[in-house]
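Each of the next two complexes has chain A plus one other chain: chain B in the first, chain C in the second.
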Partner chain A sequence: MKKFWALFFYFWPIVALYFCWIAPESNWWFPGEAMSPMGVRIESLFYLILWIVAIVFIGTQAALGYALWKSAARDEGQKAWYSHGSHSLELIWTIVPAFVLVFIALYQMDVWAEYRVQSFYPDSTREEGSVAELAARQFEWRIRYPAPGKKLSDEPESDDLYWVNELHVPTGRPVKINLRTQDVQHAFFSPQLRLKQDAVPGLIIPVWFEIPEAGEYDIVCAELCGWGHYKMRAKIVAESEAAYKAYLNRLQDEQNEDGYKAAEEETN
Partner chain B sequence: MATVSPALHGHDHADSHAHGHHDIGFIRKYVFSTDHKVIGIQFLITTMLMLMVGGALALAVRWQLAFPWENMPILGKIFAGEGGQISPEFYTMLFTMHASVMIFLVIIPILAGAFGNFLIPLQIGADDMAFPVLNMLSYWFMWPAMACFGISFVAGGVTAGPANGWTSYPLLSALVQAAPGSGAAQTWWLIGLTLVGVSSMMGSVNYMTTIINMRAPGMTLFRMPLTIWSMFITAILQAFALPVLTAAGFMLVTDRLLGTVFFIPAGIIVNNAEPTVGGGQPLLWQHLFWFYSHPAVYIMLLPAMGMVSDMLSCMCRKPVFGYKPMVYSMAAIAGLGFIVWGHHMFTSGMNPALGMTFMTSTMMIALPSAIKTFNWIGTIWDGNVKFNAVMLNCAAFVALFIVGGLSGIFMAAVPVDIYFHDTYFIVAHFHYVLFGATLFGVFAGIQFWFPKMFGRLMNDRVAKVHFVLTFIGMNGTFFPMHLLGIAGMPRRYADPYLHPYLEHLLPMNQLMTISAIIMGAAQFLLLGNFFLSILFGEKCGRNPWGANGLEWSAPSPPGHGNFDVPPVCYRGPYEYSSPEAEAMNQDFILQTSPPPAGVSKSTSAHH
Partner chain C sequence: MSLTSNTAHRLIAILVSPILFAGCSDRGDSSFVYSDRTLSLMNEAQTGFKDVKGVRELVDERFGNPQTLVAWQKLPVDFGGIACSVATTPDASAAVKSLQFEFAEGNSVPEKVSSLQFVTGACSGETAAVLKWDAATGTATLVSALQNAPAQGDQVTFDGGSTLKNGRMLYQRHCSHCHGTSGDGNGPTAQYLYPRPRDYRHGVFKFTSTNDTSKASRNDLTRIVKQGIPGTYMPSFLLLNDSDIHAIVEYVRFLAMRGEFERKTASSLASSFSRDAVTSRVKEGEKRAEIVEELKAFIGADLKDELGFISDELAETWSVAQTEEALVTPKIPRVADTIESRRRGRELYLSKTLNCANCHGISGRGDGPQTTDFEKNPVTNELYPEPGLHDVWDNLNQPRNLVYGIYRGGRRPIDLFARIHAGIKGSRMPSFKNVEHEDIWHIVNYVLSVPYEVEPGASASSQAAAPAAAAASL
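Up next, the complex of A and B:
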């Protein structure tokens, strides 16, 4: 029975590792490939940590299982090893993990700085300003674009263009949006881009991303915002520069359409 | 420094206890008792029952995730009314109250309240706590707290329980119009939270004073069992961090009731209400909340670490590997615990420069945890392991703490956290720490100190079945959460399958729910074993485990005043299998057994 318990503690990490191993092919993994360059880098940092963690996991669980097995296999009367520890071992298992942890921390800094520190944002986004404002509210995403050819201002302008739950952006270049909320706290989360940022009442938070390929990507809410938190579904439509411009023009036309001109033509 | 005068009366001491008990009457003895052992057991039984309540709430959450919008059997009839369908409002209440009950009414009070109370005087050789009445009050303040949490369920009607998550971020929690549960329910919840804080604070003041002032002669700081070290460090953490939460809670209450706007910026329109007046900042709440609640994570873990160290050493018949590194690493965890709160806020929009400093400090706090893990494995190494339920739960503590510790590194790395923040990955992480580590430590602790509480043993066979079912159920429930997190499933979603990219995760959620039901059902074995063993368990003597601590030299259960002879401590707590013990033909040596005659190694213990 003793050996059964020792094997029990050997067995379960193997099951856990097996499930991780088959997870990607069973579709229990990331929602598709990372669709933004930043997402690709975040994912590679994830894999770096995953490898380090997997090695430590296997090592420590094997040591634990072996310690139990060794004890289960020993003779009944045999005394335990009378030891209060080992100074050199303590030093080794303090210094080695310390180096690994500091390495992990330092290695992450660049990506974080580029994602969040504004002076590290791509130059083009700083010159261009934000292409749209994404304002969350219970329970939808309101989008405000500046009129074609104009820059986005923090306060709404009379010729701004509005839409709900569908954000159009051009592909192939970094774009910046202003993230806001009209009521409680929300969070912008695009699983395919691997990006997330909270929208905080009273703050305007610039978020930039780049989408190389045209397509539709999810936006969901990742900060509890009330009973309908789960249904704040929206999408990013990434399209070529031309299609994006055409979309904005169409939006402007629709918004300016008042039926008046048509009536005038009829009387003529 | 024990306050009882040295025992001149000798053996008839136990009899005089019996007399004393008759005098104080039932109410003073068992209800409003000032005896730390009774208070500890009161805390233990209350929190075990609350564990079942919190578990039921969790099962309701799991039901919705496995069978969205379907009528929930049994629990649904009790909670949700009608056919038992869970509404989205009700779902938000469920996870809010699950966390609130588990954190504030189970884990914090079961560690500090139950084990802290029961063990501190016994392990340091004192007759009781420094402030017995304060101690009694710390238990009885739990009841108004529980009443407030209870009222909060119904204060706004059954579909409007507190629903802002246990973190209660404003503005959702600050503006009445923001959610159905942001009305009266939220105010009651905040008052309940404050009362729990009052209870903890009275406990922590008491623990610090007792540990500093009331140690038995010879019980030097570095002869204290690691349980006592952990309780001491926890009490310090509690005392310094808790006032911040209490203040923040009051600020939120005044925002809600008196129109202060600490957390509310201007011009916000929620649900077509009047625009807010403003001047406040919601991020302030997050800073204040996590300044307490991150140290609170260690308040919920450190005592279990200490207890497991004690139990592992005893069950492996071997001294704790690296006693001093264990103490220093706990102190390091506590110290660093104050400067890592920002890692809960990486995506919050706070100053991005803070992301880097908090990442570095958070990585550093993994170090003492790693040192402790290596030392636990070192303690088991080449030991003479007793494979009973206590040992199995302790080994599970170590095995599962490794998972919880390692998964934390992903979230500590800021860029990776951009993706994982508020997904199921974090849910997996903290359940591995709080359930996998802390609760398994608690299960072990209950079985280990049960004989001291009641003079009887718990049934080991039943305890092993409980262990296996809980272990399998726990991993079946929480391990797949890592994968859900990687798949990008956000927390707190009443219906994640509304989103096409999450649809395929339904079968996995169903498997997890089945595991959770197994795990929940297994807890009835624990309760049954506990309560039946009080009446029918095998009787045992003072020291059924052959352990070294002072508590094992007292009678089981100890009478009022604990020790029949005021103990004197001559050695460290973990001298298992030492040559001295061997000379006595046993593999343990009580801290009270004097050194062999002729050896003048003893310390200040001489009277």
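Up next, the complex of A and C:
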């Protein structure tokens, strides 16, 4: 019976490993491949950490299984053996993880800096400024673009263009957006871009990303912001520079709509 | 590998599904609630008599309940379904189990059909479930034989009500927790919201492109569903596909018409047969039994005509809102947005005749003197307990603070033009349809400039900005 329990407890880590192994093929893993250069780098960091914890996990589970099995094989009458620590063992399991952590901390630094520290953002985004302001709100994303040919300012301008839940950006170059919130905390999360940033009341947070391929990418809220949190779905529409410019012009025309129908149109 | 992962997938699904889906079923017990006005009537008026229907039944037989929706053909609602007719009269000697249909030109032949409703002919009103549908020959095999034999040319609707049903499903998922199952603006989350969600049952929607006496058009509702209403809790549902948004809009119109029908029907009884009226009539010496007899006679005769008027008016007004004539259409294009135009707009804004500042305040902050006055409730004739402006839903309304630059009904010049021309329906913002269109444009130009500068031309920067803005608008 004791061996049954040894096997029973050993069974579960094997199940866990099995499911981890098949997860990528069954699409239980990432939402597709990373669609931005930064996303690829973040993903490689993720895999590095995954490998480290996988090795540690398998190692500890193997040790645990060995201990279970060995103890189960003992006689009923045998007396239990109590250990009272081992200085060298403790040193090992403190120093080794410390080295691992320091290694991770140093190894990820350049990615982190480029991802989050404004002075390390791509030069072009710092010169160009933000292409749009994304203001989260219970429960939608309000978008403000500067008028074509102008720069985005923090305060609204009279000729700004507005839309909601559909952010258009050009492909093939880094773009920066200003992330804000109009009420509580939200988080801008684009799974395909591996991009996530909290929106904090009172702050304007610049977020940059680059999308090489035209297409639609999800935006979801990743900070429980209220009962309608699940409704905060939006999308990024990445399109060629020309299509992006055409979109802004179209938006401007729409926003200047005065409803006047010229007489010749009526007679047609 | 794909086989194993599939098996694993299935295994997990089997283990997890009872937990995941417990409590997520589409509960079948929701029903429309009756309005306070209906509930204020004496019991007999609500429930009717053996042979005479009361208000509750009059409403239910026309609109049904969420699970048993009725498609009242009189209403200008797109209930969904494909119209067609019986192609050949089937052999009457045998039970009819299979029928051939033809479609009018331009109507596409459906791929799948699950039910069909007979609109005219011997089977009129019957619904038959379809077992098999052969799109190539247009032949439907029915689950069970028909009682009566249809004839060639009988009108039939395939999957009638599919749009409304889809609308109900989507509405329950996305809208009802604020707007309520009946569209009474009183869903479970409504009490936490300011401003309150719209109660559709007046048949009134605030932000429309139609003139002051017209209802909201489909386009208006679609726009609101897609873009949300900034400054309120109404979020955007832009990512729903167009057919889903159409279904939601039709369902909302359906609920609005139901509410309006119920409201008007109950109103026609309220003056004589509300609980309060009956109490005071009894006090004045009338016998209750006599009042009940009078009610019976009234519902049997006069109310019938009244219902005819009410339903005609419903059909008429909601159809008219779809027409081009109902749209607010400026006679002239927007006046160039110059300092002079804005100044003229400000003059008009402050003028005694238009008196915008009375509510919106001299500096546009929505703090005009009217906001501190106590108003009379036009229905009860009593003063509201709090000062300020009230809409037909009895909600306290803040006149828009124009400095914020948040425009609930849209920020396009035409939106502001329509707001001024037609007013904001149901609210105290009146229609200024008699004002010259040129003057309305001056006010629009002024209002759009308020967030940046209350006094046109007062700051040096505007001198530079205005020509650019004018150029952009040309």
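As a working rule, the second predicted complex is superposed on the first by the 252 of 268 C-alpha atoms of A that agree within 3 Å, B and C clash if a C-alpha of one lies under 4 Å from a C-alpha of the other, contacts with A are read in each partner's own complex, and residues count from 1 in each chain.
Convention: contacts are C-beta pairs under 8 Å (C-beta built on N, C-alpha and C of every residue); 3 or more make two chains touch, one makes a residue touch a chain.
Predicted model only: the values in this text are computed from it and were never measured.
Touch criterion met: A:Arg142 reaches chain C, while chain B stays clear of it. Contact with both chain B and chain C is seen for A:Arg233 once the two complexes are overlaid on the shared chain. Of the two partner chains placed by the overlay, only chain C lies in contact with A:Asp258; chain B stays clear of it. In the superposition on chain A, A:Ala222 makes contact with chain B only, not with chain C. In the superposition on chain A, A:Phe46 makes contact with chain B only, while chain C stays out of contact range. One of chain B and chain C touches more residues of chain A, and that partner is B. Judged by the touch definition given at the top, the superposed model places A:Ala98 against chain B, while chain C stays out of reach.
In the superposition on chain A, contact of A:Ala242 is made with neither chain B nor chain C. Using the contact criterion defined above for the overlaid structures, shared-chain residue A:Glu90 touches chain B, although it does not reach chain C. Chain A residues in contact with chain B (one complex) as well as with chain C (other complex) are 19, 138, 227-228, 231, 233. Contact residues of chain A toward chain B in the complex are 1-2, 5, 8-9, 12-13, 15-16, 19-20, 23, 27-32, 39, 41-43, 45-46, 49-50, 52-53, 56-57, 60-61, 63-64, 67-68, 70-72, 74, 78-86, 89-90, 93-94, 97-98, 101-102, 104-105, 108-109, 111-113, 115-117, 138, 182-185, 187, 189, 191-192, 194-203, 205, 218, 220-231, 233.
Considering their complex, residues 87-89, 91-92, 163-165, 169-172, 175, 178-180, 264-266, 268-271, 278, 281-283, 316-323, 325, 347-349, 352-353, 355-356, 359-360, 363-364, 366-367, 370-371, 373-375, 377-378, 380-385, 387, 392, 395, 398-399, 402-403, 406-407, 409-410, 412-416, 418-419, 421-423, 468, 471, 475, 479-480, 482-484, 486-488, 490-496, 498-501, 504-505, 508, 574, 576-579, 582, 587 of chain B touch chain A.
Every residue of chain C that touches chain A in the complex is listed here, in rising order: 1-2, 4-5, 8-9, 174, 177, 189, 209, 227-228, 230, 233, 235-236, 238-239, 327-334, 405, 411-414, 417-418, 441, 448-449, 451-452, 465, 468-469, 472-473.
Against chain C, the residues of chain A that register as touching in their complex are 18-19, 22, 25-26, 137-140, 142, 147, 156-159, 162, 164-166, 227-228, 231, 233-235, 252, 254-261.
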